Structures are given as C-alpha cells and as structure tokens.
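My structure is below; once you've seen it, I'll send some questions.
Chain nomenclature is as follows: A, B, C, D and E, assigned in order of appearance, with residue numbering initiated at 1 for each chain independently.
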Amino acid sequence: MIFLNALIQGILLGGLFAMAALGLSIAFGVLRVVNLAHGEIMTLGAYLAYLSLSALGLNVWMSLLIVVPAMGVVGYWVQRLMLQRALRLSELSPLLVTFGLAIMIPNALVEVFSNNKKPLPTGDLAVQSITIVDGITVGVLPLLTLVVAVVLIAGMQLFLARTKMGRYMRAAADDSDTLRLMGIDYRKVYAFAMAIAFGIAALAGVFFGIRQGGVTPFDGQLTVLFAFEAVIIGGLGSLWGTLAGGIVLGVAHSLAGQISPDLPLLVGNLVFLAILVFRPTGIVRSKVAA
Amino acid sequence: MSESVSTEKSLLEVNAVAKSYGALQVLTEINFAVPTGQAVGIVGPNGAGKSTLLSVINGTERATAGSVLFDGCDVTDLGPEVRARAGMGRTFQIPRPFTHLTVFENALSGASYGAGLYGKAADEQALHALELSGMLDLANTPAGKLPLLARKRLELARALATRPRLLLLDEIAGGLTEAECDSLVETIAGLHASGITIIWIEHVVKALLAVVDRLVCLASGTLIADGQPDAVMSSTEVRRVYLGSGI
Amino acid sequence: MSLLSAQLVSAGYGDSRAVSDIVLTLAPGELLALVGANGAGKSTLLRVLAGAHKPTSGSVWLKDVDISPLTDFERNRLGISLVPEGRRLFASLTVLENLMVGAGSGRVGEWTADRVVDTLPMLKPLLKRNASRLSGGQQQAVSIGRALMSNPEVLLLDEVSLGLAPIIIDELYESLAVVRQSGLGIILVEQDLSRTVAVADRIICLLEGHVVLQGAAGDLSHEQITDAYFGHSISSFSNPELTTEEGLQA
Amino acid sequence: GSASSGAEGDSVIKIGYISPVTGAYAGFSDGDAYMLGVVREQFADGIDIDGTNYSVEILDRDSGSDPAKAGELAQQLITTDKVDLLLATSTPETVNPVIAQCEANATPCLTTLAPWQAVVFGGGFSADKPMAWSHHYFFGIEGFAGVEPSAWDQVETNKKVGVLWPNDADGGAFRDPATGYTPFAEEAGYTIVDPGAYENGNQDFTAIISKFKAEGVEVITGVPTPPDFVTFWTQAAQQGFKPKVATIGKALFFPATVPSIPNDLGDGLAFTTWWGPTFPYESSFDGTTPEQWISNFEASPDGADLTWNQATPENESLFEVASAALQASGNPQDKAAVNKAFDTINMMTLAGTVDFTTGPLQGVATIPTAVGQWQKTSAGEWEWVVIENSKIPNLPVERSIEPLN
Amino acid sequence: MTTLTAASFRVDRYQKRALMAGGVSAAIFVALAAAPYLLDPAITSSWIKLFYLITLATMWNLLAGYAGMVSVGQQAYIGLGAYGVFVFNDLGFDAYSSALIASIAVGAIALPLSFVAFRLRGGYFAIGTWVIAEAVRQIIIRFDELGAGRGRSISTYTGDPVFRNLFTYWLALGILALALIVTFYLLRSRMGIALQSIRDNEVAARALGINVSRTKRIVFTIAAMGASLAGSVICIQAIGVASPNQIFSVSYSAFMIFMVLIGGIGTIEGPIVGAVIYFVMDFYFSQLGLWYLVVLGLLAILVTLFLPKGIWGAIHERFNISLFPVGHRIVPIADHIPTKVLSNADV
C-alpha cells in the first residue's frame, strides 16, 4: 500500500514536472533552442500572476487569462528581437542569450519585488484531497496539475502534427531559410512558437507557485533541471515523451524517497543518466519529429 | 581486361550483406567481390541502396547481416576509422566538409589520420591530394565558404589524402561542365592506372563508362546486373528500371 | 511582356563579386537555360532572382512590378519558386509534409500533392517517410515537387537533375515541357549541354559573373558554348546591349 | 591604495562588514541599508580611545550569498584595504569563509547570525582547536532544543517528534548524536523520529509523511528552507497528516513565509525566536529599544517597503560589540589587542546580551531564545505572539501555545 | 590558367610567430612569477582568481570551441578538484601537492564518466553533463568525512599567511601556464586538426580515419583535469569549501561560457581576453549588487548578438592578428606564381 501510494504520488509529481517541461520541450525539441532561462520565465509568469492578484484583485485562475497571453507576447518579442538573430549566428548563441536572460530576470525581480515570497493563494484548493482507499489520498491540486499537463500536451501534439502552423514550426527548425522560399516568413512562425513556449512556461510557473504558496525570484533555478531531464528522458521533439519523462522522473523521486529521504534527487539524476546510456534517444520515439 | 583482373585476389568481398532500417529493407543479400586494381561502377535507380552499400562497405553504417572482407580480413565489426586507416577512402554524396577548417586542413585531416602520416609527409600528401582534385587554388579558403560543387571536389580531395587502396566514390561528377567532367574522368583514370581499386557510384553514366572495367546495377536493394559495362548497359532490365530510352 | 526580368543585377559575398551587371528576361512559357563553369555565378543569380540573396545593385521585375524591395517569401507568394542547390528538405518532416509546406504561399492551382506524385511516381511509396531518411535522388525529387506545390509562375531550378537516375531525368523533362504550356516560365541551371540545347528555348552563358553569350538554343553551337565557358570567344559576344536587345525581341 | 592609508592611517579605524545583500539569503540583509545608516551616524564623530579620536570607516561588502565571494572579499578587505577588524553575518555560507580568511591572515573578526555549532565545527574548529582570531555569538542547537520542548509541554501529546533536518550545514549539526538536538529532546522526555536527511529542493515529501504517520508523530520540528517547508506542509495537509504542534526554525524566521502557506495552514505554527518588539533589550549606542527600533525602521525611507525582521538588529549589534571591543583594546590598530578585548565583552545590545566571558567555547557566546506562535487576527492580519519565555524571564508571555487544529 | 602543382607550394605554420609568442609568454610568466617580490603580495594575491578564471575559460574553450563538446557540467570537476585537496591532504600530502594528485584522480574519474556523457550529442550533451555534475555533488555530500552537506576546511595548510598566499599564487600561475601550453601544443599537433574535424562533422571524421571517441575522450579528460586544478586552487585560496552547493554550482559553467564567448570561442586568445574582462568587471562592479548582474546578463546578450565572434574574434578579423597561431597556410615557393592565385592567402 505504501508502495502504491508512493507510485501514485510519483505520477502526480510527474504531472508537475511534465507541465514545467512542456514549454521547454517546445523550445528545445521543436525550435532547437536550449532555453536556459526557462525556469526564470516560469518565475516571471508567477510574478505576473501575483501582480494581477494584488493590483487587479483577480483570483489566481482568472489571472491566467492575463499571464499566459502576456508572457506569450514577451516570448514573441524575445524571439523576434534576440533569439532570431542568435539562431542565425551559431549553435551556441541562443544558449548565451538565454543564459543572459536567466541572469537578468531574477535579479531584476529582486530589485522590483524584493526577496520576500509573494503569495499566490488558492484558498483551500491546495490542501484538498480525495481519499481513494485508506492510505492513498490524492491531492486535488496535483491531480489538476496532471490533468492540465495531459490536456496541454495532447493539444500541443495535435497542433504540431496536424495543423499548418505546427508543420511550419517544425520545418522552421530544420531549415528556416528554405522555409522562406516556400512563401512563409519563418520569423513569425518561430516567434509564434516561442510565444506558445513562454505562455505554457508561465502557466507552469503559476502552478509551481500555487504549490509552494507563492513565488520568490530564484525559484526557477530549482525547477529547470527537472524540466530538462523530463524533456530528454522523453525524447527530443516528442511531447508525449515529455509527459512520460516527467512521470518517470516523478516516480523515481517518489520511490527513492521510500528507501531514504536523501535519495530522491540523486536517484532521479541516476535514472536520467541510466536511461540515456541505454536509450540515448529517449524512451518515446517521436511520431512528429525524427 | 577483365580476364587479367579476375585472376587476382579480391581486395573487397561483400558476403550476403543485408541492411534494414526498422521494417524497411534497403539491401537484401548482396554478394560481390572486387579484385585488386579493378574499377567498378555502380548504377541504379534512386533509392536503390547504392549509397547505403557504400556506407556498409566503409563502416559508416553497420550491416544487419552478412560480412565485409577487406584485403582478406573480416572488417564487419570494425568502425569506419579503422577501415579508413586500413586503406578505404570514401566520399559522401551529400558533402560533409569541416566548415571551419581550410581546404588544405580538410585534406590534412585525411592525410594525418587515414594515411597515418606525420609532419612534412602529411603536408605533402595533403597538397598532392589537392593537386589531383584541382583544389590547390582554394587551399587557404575555409571549407564553409565553398559552394556546393567545390565541396564535392573537396570530398574527393579528402578521400585521396588518406592514400586509399580502395576508393569509394559517391556521385562526384554530377553538376560538372563537360570539360570539368573530362578532367575528372582523367583524374580517376589516372588513379585507376596507378593501381588504386575504385568503386564509383554515378548517374552521369558517360563519365562512368570512360573509366570502369565493370558495371553493377543495383535496384531495390539487390544486384540486377553485374559484368562488362557494355553488357550491363544493354541489359533490358537495366534499361527498364534505370536508363530509360534516353541513352 | 516579359514575365521576369533582371536589370543590371550585381551581387557578391563580402568583398567578392559573384555576378555583375546581369540583364536577362524570361517570357511566359519560356525555358531559359543558364550555363557556365563551376563558380560562374549561376546559383547566386537564381538566389538573387528569388530574393534569397541581396543584390548590391540592380533590380528585378515580375511582369511590370519592381519586386526588388520584396523579400523571398513575398516573391514566393507572387509566384516565384526556387529549387535550391543542395535540396534543403525539412529533415524532420515526412515527404508529404514537405510537400504541404511547399504550398505555404497559399497560391492555388493545378499542382496538388496528388499531381506531384503522379509526376514524380518515385515519391509514392515514400510519402510517410521522414525526409532525413531519403536517398540523395529521392530528396532531389521531393525538392522539385515541393517547389511545384506553390503553383509558381516562374520556376527557378538549380542543378535540377543532380543525382537523379537517367530515366527519372527523362520523365522530369517531359513534365517540364508540359508545365510550360500553361505559361510557366522556367530558368534552368543544367550542366548536361546536349540536354540543355535540346530542351531550352534560349541559353545564357555566364563566365565569372558576366553574361558572355546568349541566344536561341538552336542558334548556338556546342563549341560556341563550351568555348564561352572558359572565355575563349568573349570578344564576339562582348556587347551586352546588343545581345540584350536580341534577347528582348526573342 | 597605499598612499592614502599612509597619510591619515593612524587616526582611522577601518571596519569591514560582509553580509549577503543579494542572492539566496538576501532576506537577512534587507534592513541593512537602514541599519548601516544608523550605525554610521553613531560613528560620525569617530570614537575616542585612550584619549585619541579615531574616525571610523565602514567598508560594507555584499557576499552575494556565495561562500567563494565571501572569502574573496574577506581576503581583499584584509590584504588590500587593510581593515582593522572584520564583521560578518547571516548563515555559515557567508560567516565561515570570512572566519577562515581572518584565521589565516591573523585579523580580528566578529560574526553572528549562524548557529554556532555550524560555524565552529563546520569551520574545522573544536574545543582543542579554538578559533584564534574570531569571535562568534548567536544561539545554536541549544537555542532551539532548550526551549522547544517546554513549548510542546504546553500541549498534550504522545511525545513523538518528527524532524525535518536536511542534508546541509544546519541539518547536519542538528543530527549530530552527541552535540546535536536529540540529547536535549530525550532529556525532556521526547522521542525523535528522524526519517533521514533529505536534499534541499526535494519536491516530494510523501515518504517522510508516510513515515511520520506510521510512527504516529504528533510534534514536528526542524530547520527546513522556506520553499521545502511549504511543500512539506501542503503535502502533509493533502495526505491527511495533522500533528498537534509544529515548531519550525529557519523557514519561519522570515515574516513572509507563513502568510504564503496556502489556505492559512500557517496559522498556529510556532518557531524559535531571538528578537521581537517586546524583548527586554536596548542599544548600547543610544538606548533604543526593540519597539522603538521597529517604529523608526518602518518610518524611515530605507524601511519603507519592508517588514521588519529579526536579522537587522542582530546585524546592528555587531557594531555595538565591535565599538566596545575597540575601546577596550586601548589601541584599535593593534590586532592582537583588539582580538583579546573581545574576550572581555559582556554587554547589553539592541539584540540582547553578548557575553564572551562565559561562552560554551573560547570565542563563542550564545544568546537566549524564546518561542513565538503565528496567528491570524480577526482582521485577517498575520502576527506572532510569544508563548514561551523560560530563557528570557523578562520577556512578557502573551498566552500559552494553542494546538494546531 | 596555368595548372598548379603541389611542388610549388609549402606549408607555413607560422613557426616564427609561434616561437615569438612562446618567448613573450615565457617572459610574461617569469615576470608574473617574480611579481610578488616586486609588488605588494596583497596585490598579486588578488590575481589568483584571474589565473584560475583563465585556466577555466581555456579549458572550456578547448572542450567546446575546438572539440565541439558544449558542457555545462565542468563544475563536477571543479568540485572534485576541491574535495580532492581534502582527501589527499588528509592522507598526509601538503595542500599544493594534493591539488596535483587530485587532478590525476579526477582524470581517472572523468575517463569512465565520458562513456556516459558521450552517449549524448549537442544539447543533450550539455544537459547530460549538468546532470552528471549534480549527481557527483549528491554523491560527495553523502560522505561525512568530507563534511556531508556542510562543507569543510583544509586541515593542514601553510600557517604563515604570506607564504600561503605566495604558494597559492605560484600554484595558480603554474596551472595557468600548464593549461595554456597543453592547449597550444595540442592544437598545433595533429590532434588539433582531428578535434576540429570532429567538431565540424563526426561521420566524415571517422571516414577519414580519425578515432573520434578516443580523441574526444582525451580532450574531455584534459579539460576535467584542468577544471580540477582550478577547483583545487579555489579550495586552497578559500582554505576549504564552505558549501558543496557553491563549489558544484552551475554558475561556474555559466561564467566559463560567458568568458569564452565574450572573448571569442575557438581561439586561444579569446578566453584569456574574456577572463580578464570578467575579472575586471567582477573586481570593480560586483559590489554594485544586482544591477551589476543585470548588466552582466545584458552584456552577454549584446556581445552574442552584435559581436558574435567575441572581442578577440573582432580584433582578429579587423587587424588579422593572431598571437597563438595554430592554423596552416599554403604559400607558394617559387616567386613566379602570382599570390593572387591563392585566395585568402593570409588567413
């Protein structure tokens, strides 16, 4: 029973990892941008949510209606103004640009909001739970996170595989110059994709913030490695893989915790490395991209 | 000519080689041997498996079944770098230049490692390869700045720099003007005359015929013709799947 | 009225010039062949026409419109389609998806995926395959098909038969002949001189970025062209104005 | 650099002050701008020592919460700026590297705001090998373990205590079987249930919660980081784990943590405290009491957007003690004399009494602690009240602890 | 056009310039080694940081700029180098020899780790190395003797602060010299060509006879040893490790990337320039608090976007100078061959 409970909690945790990883997966897997600032984008999203809470008096869920589009716009322009140019320069350039952002964002946040935690209250949602059988209770918020992650992933996967825009996004990553010869301004395609990536990252940031009761400027640094691991375990370019990767990681953490509480992070990392040694392309072979 | 060749021992032997990517069977049971000093041409429809065969021979791809013998040794499980040092030089159909190195340094790479030379000897070998492929005038140009056809010539130069005993060429004549093509044919013929064994994939059949002693036609992963170039060219099957009525 | 024309176009890379003061015109339904030695500037010229390379001077006109300020994707939407040197497929997309992206200009017309597959039957079994897993020739075929998908008025083909089996080249040229009938203009870079002379209406020969010879295909002898490759007979064709006039009247 | 120090070097005392103004531990220093203003004002006329008036120059530096940077800065201050005395504060990450440089470079050093065990043992010192040039004052494990059990005693429990001790400097010191927390708790009749060290940044506390549930734990204590504690506490509520009392160090030092816990779950959490508005302390500079300090702080422009916290007065007290020691030294530029002078310090400061004459070890002084509990007022404001004062008898106790519901 | 023949050319490796560079560098190093006697040791000891920064940047450049392995996990070896000092110090070696012995031990650890890391390519490799570094940290903090999560200090070191600083200074300088010499020699040797070939195209490199994994492995190990030595210097200078999180912090990788890219990746001079810039900025501006970091981030972005070859790259392009030439140039022997035949003859 304890084992089963740990497994279930691990899967739920995986939902959170997958949600955090989704935006990264789009940037990394589809656009080939290793976004070192992904964690900071999440944090920024959570701060925006806090702002809409405190300035506009919205509740957290309503704030998403502002946060996600707003961060989408940010993503659009970060891509147009910075990453676009960087991508044409060299493989390393986007890495350095996002690294620059990763340094700038949290420090600027401290200047503006101080180091103190800014709350993201959701009433009792955060602590509500459903008892399935004795010894197995499922938190409502983690469950909601998992469900949202799955819905988002399914939606994105369909979008990328089935729609024109999705195809253009993948094509742009392969050869943006040639895409222009097909009559498509890849800059817009790319920027649109980055807008989605940023929007989803912001959403994930808000969920992380809710889970921890609020947000502090350096929160993003903790989560970004989990997100990267989930993406890579899952396999580049495959969004379902990202979900699977998140869950594998979550379960690894949870089960390792059963053995000893100092093991989860280490075991998570070792599982990641082991998967890569035995299956360097990730556990899910992508249908969308090679 | 082929009589004198057939008495020599085989430099390369391909035994029952098969290659598949997942469910897709690209090569089925290929058997063929190339005696030392022979120049073999390979033709065949697009997607027949020619480049794949070349990759299996030089080790860039692993065969799913069968074995490859080079100079009497089983090299099936050896990596391409070992085969290169043993004397296999190869060009890639889609060029893979070292873009940040100069043309000379590209060739030097082959001379230093494939031919196993050091210092001055490596330099000379690299220069020699550039001369043979007519690239001396571009020696100091970074390979990334070369246009497509120059990149293809660079492929040849690099392969030659490894001082190969077996030279594997994949479509190097395409896109050349007639005069350029003639000089390329002259170069390859010269290499052939100097005793280098050659396997040459080419759709510019005219160029091929000017050099090779033997012609092989590959279609859908199997050899459908193998023999005297004239005979292969006039085979109805080859005409049907590959040449069409044009030639 | 000419379909496409270039006026005194020059372009280069950094400090080096690749093409100088090119003047050319293309009539509807015409097949113009561009020949010249390696590095003569053929690809550069095509890229300038398609808007993929910025000229240092000169202008490009589509019908009566100066399209010089337009970018490559805008020109594509107006009906100029380039099959670039080196295929340049979208490696992570399937063949069918590559074709569908080719229709990105939104121009509708007779070219659909079905029609492309009919014209290039070797693509039929490959539609679901990833473009990264194609042989060289298969890639070339997809690249051509993809360009057709935009239903162009002007088709720019760079080394189009490179890597294709002879039988496929035959079929390809047959279909090019068919497409032309609908008024599509084609500029073709092709090294096989006998084939070029056979299919082209007009031939322009480039040498180190300059037009050194041009004329109706039937009027030019094999020797004249090969000589022009290496500049032996520049003197007899050194008056660009004159040849341009001829070209315009043709 | 060298020219200026020669000219008026004799009558200037240079004090280096290193604190984490930025980075992960910036919360400890966010009141420093105000605090340094107050201190500089105190030193505006210099200090008179043995009839000589010395002007005082404070060189404040930001460690960025980075130990490497803290060490570098200490070295720079000692060798390049040639400070007479170094002060450092807030977490072993800033304090320990500074002490290491002072020890190596024979420069007097005064530090606070880090559990003294983590400073002394963590820095490789011991009773046999005491710090030679450094003095540190703050409470240590006994500051928690000495008062928390008496707070728990106020509630009926089964005396089983679950602990959250991460694998970091603090957690390690708490877990030490000889010098750690357990002996205190056991003496008070409590049993420790230690699920083991977890990593900071852990995302899933299920295993720890299950263990607490299985063992029937009714009391929680520990020194988790703020995000870890919020994660733990939220998951505990989701998974139906409800202890009767929780006294949490570190995470609850900062006033922003508790209000951020979802669904008012922070209501009723208790924590060890060393300073607050009602503490019976006063500044040796000008007699400022904690209550006055808070109102001055909140009225000043530097404190405008900030909530007061317990770290700022602690940092201020460094300068009070430094000033006293410099005066006692007779010659502030004689490093050995200054160092020796610290051993004689026993004084009241804004942050309480600092007494180096009776510390647990040479160069270490401890300060007393009490226990506070968070409550949400009917007006919806968060505030905390003192519920235990055994170690600070003059501290008024508002009420006894209320069990968590 | 006359046909060119190989016999009319020779290969120029800029021997003269290389020799000169070697001579000048040697002189600089001698001067630096003597500097503590001439200047205030207090001034020179602050250069220790500069020395280890250049070492780190040079090593990362070798790894990423020449061998194409973009690692964000070099902090693994920095940390191991630092902890290695404890291990060998505890075994009775003095701190300085411990640094050298530790680097060998770290080399022995990096070698097997390369088998894991080399399963990955490109972005995967970058993240994979980061995870390896995290895992290494998490394993190190399981050892109580090494201070677990608390960090610890060196138990025995030179007591006299002046001598300690001097020894540390010389150690850092020596390591820097070693790093530069190894890099320069490696790149001028035939392995330099092999490395760059691998970076540009692995498949083609193998087909030309280059043993890709072995070559990469050698460089990976050298870079790990270099990082280890730098880590030891960091540890000795701070007389210990105050927190494992810090010594294993990914920000080391971030700063290596920053230095190398600002200076100019794929050149020997670039990382030196980048490290000096970072050092000066850090020295003068780090006390400006957060704004300094925000500016640092902004600078990283601006240089990437508008000076993509880095500062040295721009200087090189503009004035065509290279202090440490590693390339090859073909020059005509006979003077009758017009130099114009060779395009870009003076790259």
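By our rule, contacts are C-beta pairs under 8 Å (C-beta built on N, C-alpha and C of every residue); 3 or more make two chains touch, one makes a residue touch a chain.
All values derive from a computational prediction rather than experimental measurement.
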Return the chains shared as contacts by subunit A and subunit E, ordered by label.
D
Chains in contact with subunit B and with subunit C: which ones?
none
Looking at Cα centroids only, farthest away from subunit C lies chain D
CA centre of subunit C versus CA centre of subunit E: separation in Å?
49
Taking each chain's centre as the mean of its CA atoms, how far is subunit A from subunit C in angstrom?
45
Gap in Å, rounded to a whole number, between the CA centres of subunit D and subunit B
74
For subunit D, give me the residues that contact two or more of the other chains.
22, 167, 197, 199
What residues in subunit B touch two or more of the other chains?
none
For subunit C, which residues are shared contacts with two or more other chains?
133
Pairwise, the chains that touch are A-C, A-D, A-E, B-C, B-E, D-E
Write out the stretch or stretches of subunit E touching subunit A in their complex.
64, 70, 115-116, 119-120, 122-124, 126-128, 130-132, 134-135, 138-139, 142, 254, 257-258, 261, 265, 290-291, 293-294, 296-301, 304-305, 308
Quick check on the complex: what are the subunit A residues that touch subunit D?
2, 5-6, 9-10, 13, 16, 107, 110, 114-129, 131, 137, 139-142, 210-214, 216, 218-219, 222, 226, 250, 253-254, 257-258, 260-262, 264-266
Complex contacts: residues of subunit C adjacent to subunit A
50, 52, 71-74, 76-77, 81-82, 84, 88-93, 97-98, 100-107, 130, 132-133, 146, 150
Under the touch definition given earlier, write down the residues of subunit A that touch subunit C in their complex.
164, 167-168, 170-171, 173-175, 177-186, 237, 288-290
Within their complex, subunit D touches subunit E through residues 2, 21-22, 61-62, 64, 66-72, 75-76, 79-80, 82, 92-93, 96-97, 100-101, 103-106, 118, 122-124, 166-169, 171-173, 197, 199
